[in-house]
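Chain IDs A, B, C, D, E and F follow the sequence of writing; residue 1 opens each chain.
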């Protein structure tokens, strides 16, 4: 549908190869995709919003399609109204994810009937991958090159050393 | 993406209001949607393929968008190649569904890298609804009008009496 | 509530110590409890309805409280209307049970708004116990005395030899 | 059983329409129901114990049956002993809830053999509803009127503005 | 422990690359491993017991370590007693597997206190893989070479054509 | 395999009868078992590393087999390399555990191909038992003697009074 704009919201602290896999697949299905970093200070993120936006921009450089990286405060449904987007894209990995995602999808539908959430499965290579695990490994000086792109790896090393 | 064609495969024995909810939501996201009845004799379906196709056609009459009802034998990925479709649409309800669906999505991706499966959540009104439960209730002379459209209800009554 | 009548429906093919644990706990909460064997020929039960009713009667003999063992055909909600019962009692073990039970509870509520389903957890001693596992073990000449009462054990031995 | 007293314990920070649905259903089954706000400072609740008690009282005003709203410190099983209550009532929504609830039920049974936990399913309208989601939406100035009663909505607005 | 003998029981109808991955990992941990095909006619297997044993032997040829392929009738715990084995090895994939496996492990422990079940996770490449899916794909003339070894593929083609 | 050394890593804050059950079972399977307390200050543990090590030593005194209690900082895979251990032992209880454990097992395998994680099921008596629940009960002056050994109970009482 030519006017479908999809938003892929998340904390992306930092963006992992699993997120990138979802973005890549999303770009095949949707003409326009906005990756939107959520401002959620309660989660005490390691990287600032501008840093997270920048890391996604660096990691997605060269991906085909109309991709934008942005950030927002407040409710996702409000952000989508402002951006005239009607589809939320989310990656599904574990069962516990699924329950949380289902709750969010149904809640957002209550807040705005026109917003539809669709789920994609990342490659099974990334099905175990969680940003918090990446941070944990990096904080213990482990090698995270299999989980994030080199630019993100560099920032993780800078942060934890 | 203008050339995205989505296929919603299933047994649809018979089509329920939950399936119709997924079809309706799919038509908002995808320009073209093919509802494809799978020929799976091992499941011993109650209705024949032509009956199931017809019930879906009757129940979706008047839905906006480019909708086609079809059926197929053999592998889904083969059918999609033939129809030049690249997206599989599936509704997600329970957790046990999710695991099965995840396995199917990953298996289909192995069989054809270009096929992407996306999941939609039906309205919570239909989150408990299963075609087998509808058949069970109808076979015990229960009222299924909340679960299926009148044309399907009529066929269920005819079948079980 | 003095007029609360609870029904504990099931296949009970055969009744296990896990079922008996749920019955025992149900009798502490509800003044009147009806254990109701469902006639479901599609499941190809090993024991006939009268045999299953008899085994439950034997196994619950001496339990305090107002307990009745019965059987029914057709829809549970119809049976409850006839018996003027308003509470369905079910035991919850595994997660996969839970999803099925939730679907049944919500479907029954749709069919009759006045029927409420409540769930009890059996003792963790019985949390792994399934009637089909008991049949499987008995059919391979294994010792099932830890899983069923002696009268049921005797019938299983008679059946499988 | 005439002397059955049920306790519905929870954080209720704040009480949602899902909680109210469980209370309403509980009152149909149990002669006497005590809604008991747990004092759990480690959860850093937004509303004080008296505020939470008051919101429940306001939201349940007019419900038929013998309902009391209370709060307690310490162990639930101790509180129940003091109140001569023998049934814990809990609402079940998602699978992850179920595991936690099962653990609590079995632990409480270990601490006091006479305490039985029973689970009810709220209406599927509220199956996605979580107090933390309500707080999240309110904190981002979203409309929570579908999730809580007007008195609770007013307090949420007052708190977050 | 020098005398530890592990048994990996299963239907293996047919053996998949996921099973082979578990066997390979088991051989690293256990000195002696017996792969034991269960005779379960109720499952209506596609291949006979001797065919299944043969396929496993062919597919594991060249694996290092002390590996034996066998089959058995009756209860697993009886077979283990006869073989003086004390560890059951099982692969864990999906959640639904886990519940079933847990039930089996606890039941076997009840039948024989000395039998311990341990679980291994196959490579995430095989986490979606199920023998029934392989049969389904082969029966629809799909390419199963990514899922089974060439000798098994050949037999599947012979069977379904 | 004579050279198999297994490591059972955990927070053990404090060690419970469930953990002890896993240790006991692990000692039957593995010649050498190292119980390794993870230094994870982010979890704000109640007991210090030396206290946790001591409690495990006291609680496992008299267990047959070659058992060592140790602690480590940094990545588990690094610790294992240093200790020349190749098997991680973990207990599996609930489903939510399983998902987390699966992620850890797959992540550790990525970090070190030679490390294999195996899972054991504790006795169903302990299947509901969580160290955080034990702390919660102790902090509310409840009786924890069914959940921990007397030495640990004494320390919990000392801490919370």
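We adopt the following convention: a residue touches a chain if its C-beta (ideal position, glycine included) is under 8 Å from a C-beta of that chain, and two chains touch if they have at least 3 such contacts.
Fair warning: this is a prediction, and the values are worked out from it, not measured in the lab.
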Review point. Since chain A and chain F are copies that touch, is their contact same (over half of the numbers shared) or different (under half)?
Key: different
Review point. Which integer distance in Å separates the CA centroid of chain D from that of chain E?
Key: 47
Review point. Between chain E and chain F, what's the gap in Å when you average each chain's C-alpha atoms?
Key: 29
Point to revise | Centre-to-centre distance between chain E and chain A (centres being mean Cα positions), rounded to whole Å | key: 38
**Study point:** Junction residues of chain B, two or more chains touched
**Key:** 95-96, 99, 102, 106, 124, 127-128
Point to revise | Pairwise chain contacts, counting only pairs that touch as defined | key: A-B, A-D, A-E, A-F, B-C, B-D, B-E, C-D, C-E, C-F, D-F, E-F
Review point. Taking the complex as given, what residues does chain E use to touch chain F?
Key: 1-2, 4, 25, 28-31, 86-87, 92, 95, 98-99, 102, 105-106, 109, 116-121, 123-124
Review point. Which part of chain E faces chain B closely enough to touch in the complex?
Key: 94-96, 128-130, 133, 137, 140-143, 146-147
Exercise for review: Over in the complex, which chain B residues touch chain D? Could you list them?
Suggested key: 95, 124-125, 127-128
Study note, to complete from the structure: Within their complex, chain E touches chain C through residues 73-75, 77-78, 95-96, 99, 102-104, 106-107, 110-111
